[in-house]
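A, B, C and D label the chains in the order they appear, each numbered from 1.
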């Protein structure tokens, strides 16, 4: 899938002032195919320079990335997300909350490809929950979506950041052995909750919280859709897998760890499962944001560890360790780690756009 | 089980200078039935005052409890654990490592009741893994052990701190519904690893470690023995339950959290499971170290949380929250929390001794 | 100062739903002199039971204390803080933000003694910044305040939680040796920032923040007022001390640690400074909330430590350790720890009310 | 100072298996001037492959860096540090403890340039405590050292990691305004303590420790030597500055933060101090490990923050923020951050070697 992009696509980042929006800026600042021409946010921020839009009344600049605001964006004037000039754009990336997404994304999608990090449209019947390398063929749903809705563009949301790593690791197992049941416990990073209403220090110092509202349902439902079969009618038939989760919040900044117990239809040994991960061929390895290795396997049982491993391969690989026989379910158990604010958020959305561009679906 | 102890029993704490030994001192300093008359440790510490035995070359006093060294022990002379005068003692509590336990505990047990926090003898066929309120009837194995080994005393080890909470919560479920399968993920506190070779800050700041050597096997094996049936031959038949665990270390000082997925033989609703926990009658509620409530149930789905909940009821209750239907296994899922250095260590050992005294097995 | 209170005083806690308000409930639930008869909060909460007022849309009960909501308050109906029936109250404790305090406290104080945790009135000329045991004589300003303002009641605010420990430790040094200069660095707990706009986990995991808006100015100004001289004109002359601070936020839940370098007018040895702390006589030691020891001195240079030491003596003592000669300034340097949400907040305010009651100023 | 190195120098890393030694491997793996030809460690490790030398009895490979063991070193055979063939080496880097350094470094230095991270020789009269860009002229002491000791090589130790940032920031202030007094409080990362006897999680979760043995004396003494004057007799006259420190350990993995209060001889404004930092000309900016900016200045008062800022500029810059007037001492106060395991350890030692090579002192 060698692609040559002659002229960079013009992209807008909507919700550019939030933590996920900032991650888009970092991920896009030197992107070979995409160029941010519009930063958009709520009317409150519109008309300000980007830096000033980040400034709080007490003078703090609410920029939370590990490198400074890219120079190209510091003084760019933030536009009102409700009044974008869509004609001058090729792609819209959104990093906004569910309610804003429900209102704005259909407006964008009527005209342009809209890649969303919000959950608003994930479970709609004509919307693919696209994960390049996992269910790339679901991209075929886009034509149907456009037809149904009379849109020139479309909406493709990325899955929940906790679903992401789970679906990545189930894909090769499902293909090779048939997954029957999945029992997963997540230990999720605090960055996943963003900053407005984000996780308070008091809640996770010397502590963990055994509940994240709505998270378990999302993971269970999204996983079945992602691993589902796309029928000739353009409809997904959910995968027939029993999925049960407990999602917890732990004192980690970035990187979701998940312990996974998998029951399979066919017998599977540790060696076979390891080989399935090792030999898994993503169909997207040439895309700019693709990890060099779709999976990074760990022999050392003390890994993967979030602080040590999360940033390897640009935060886009999925780490798998502690692969062991699962005797109760009949299958395999393992521990995975994926970067919730890279693979599971902005960079993951960009990866989707790259795939759609490479496929000619984004033009 | 009302008991009146006329004269306090004389007890030794062996391994008194370690973190678990220190916990014995705190738990025993005002105990109504037991009085520490001997503090023992390795020959290196013997002959020093207790405080001096805790002192490092750079002058630090390695005392890690939340209250000062109890005055009664500060200047007590530490005895050599290899040369205890057992005649002057009624009970030996040990807080030593496995190798030391293998060497010393049989010597103690030949003469006196020895309650151990070490794993050395847990899986021996004539040794009960006694949890008052869970498998109190296993105390009957002691007579057989004495006969087999020609001992006047005996060894009763307590289970691993991670096993403790799991076995507590499985007991009422197993009794009421028959437990078929258990998939558990632990998020364990750092105090469980002690201080020599303890968990380093570098390993758990903004991080977690998905592996604790030998822990999963212990939990799996001990759980089956604890919930096993004591036959008329004095032998335990392990419970017929499939148990599979992933044990991780998280940045929490005290309190092990476990997410548990349970499959049951009989159907069970959330209400029935909740009732089983609520109505569970421990047969030891009158013992000095017994929790007021064997289980503390949480309606608030954000609980139990280790920092907030671990110390309630003297650290001796087992917290259960997030009780939900487990559809994949057919059963119940929940989150538990128990205090690994109280219920799961020193205080738990004292609780065992209280039970054996109340039963007349310790005299 | 032996006091006998025949009939408990009726008190209101205003701002009862916030974290500081909750601390008042815990501290007052079994108080020998005070009885909460009114829980008040903003109109949004008024009319609900206390528990329901704590409930968020997603069902979480925002109660963050280590013990459950005291039974007496769970179903008490929350009153509107703007419409209190002051006649039925003896004392008002406020735990509200600055703007609310500016609006409401004068209304309360016109009728009743109002003890405030807010900063709104701390620096007003006729308002004492009262710390029993440190500047108890400043209570005499209350009569002047009532005269100036035509109030039947009065406002007495407590100092900032970071000022509290500093002023406590400077008091004996100032008295004995004359303090000339103070250079202080604080390492402050996250609980000090409350929960609305509280410190986010992302900001303090594997991190610290070297700035707390407005904190340094508060500490510098309040310290001079607290240690100032009350003239016969009822005015405070600020202490003539140079105070310079850097206030930082660290990953600790409760307990502010401060490193203090003090220059003194008279020469002082470590022994003399230690004696000054040890022999310091608080004039309030008999009050119900007074610590047994006004200072807890630590010989072990590794202490005080927030997690280990903060709760000793009910969180009302000030810990002092690492007392060393300060050669650059000519004086003494040390490390202090005080509990920012006990001595430095609700319990500290109650302590003030006890003192004023014992003095007959609250009737 | 443009330098062209034709042929890479052959270097040994002694203490290669420890955490500081591992940092040398990462920092040297692609170095343009240096090539590791020898990995050395204690006799216990000698003869094993490097990876096997890191392996513990339970199978864990004790490698703690964020990237894997560089392929070039994984199977290199570790040599016995007591039996190095010095003839085949150009430079020795040591990352060993004080006692080992006392024994081994003179043996190495008799033959070859030895750059040490240990404290053993720092305060010897003929040993420079060299910081390129701060006291580069102290390199002239090396000739004297060789003459005194009859060595063909020499020892140059780097300063303590806490001294490093302090001395960097004092250098421009001392030059421009004359520093009279320094009161510093450090909040040090846990990585500074290494792993053997390293900081335990229990000590810094929800906690900090207000004491680090021997650290304050080191910082005070080393600072005076580094900023001292090299006389024509080859002797350093210590700077006439009063330095007083309190060193604490906080829950941060990497990056030492220091709050600094500085009194100056000449008056200084915030603008002047800021300019002094901004305009400071390091004489080493062209060296491979030199930071692009010797100082990184922060306008945002919430920075520098260790997790966010420590890695910028390769971990070799010194961050300065919160520059404010210091009214009590008459001078300037600020907060600094430097990377204790990069600038303050392995990479800092390599930087010294680069400087000495560029100067022709290492040949």
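Basically, a residue touches a chain if its C-beta (ideal position, glycine included) is under 8 Å from a C-beta of that chain, and two chains touch if they have at least 3 such contacts.
Quick caveat: nothing in here was measured; it's all calculated off a predicted structure.
Between the interfaces B-C and A-C, more contacting C-beta pairs are found at A-C. In terms of the distance between Cα centroids, subunit D is separated most widely from B. Here the CA centre of subunit A is 46 Å from the CA centre of subunit C. In terms of their C-alpha centroids, the spacing between subunit B and subunit C amounts to 40 Å. Among all residues of subunit A, those that touch two or more other chains are 64, 203, 205-206, 251-253, 301-302, 307-308.
Interface residues of subunit A facing subunit B in the complex, by the touch rule stated above, are 181-183, 185, 187, 203, 205-211, 242-244, 246, 248, 250-253, 257, 259, 261, 301-308, 321-322, 326-329, 333, 335.
On the subunit C side of its complex with subunit B, the touching residues are 59-61, 64, 66-67, 205-206, 253, 300-302, 307-308, 311-312. Residue ranges of subunit A in contact with subunit C, taken from their complex: 58, 64, 190-191, 195, 198-206, 213, 251-253, 307.
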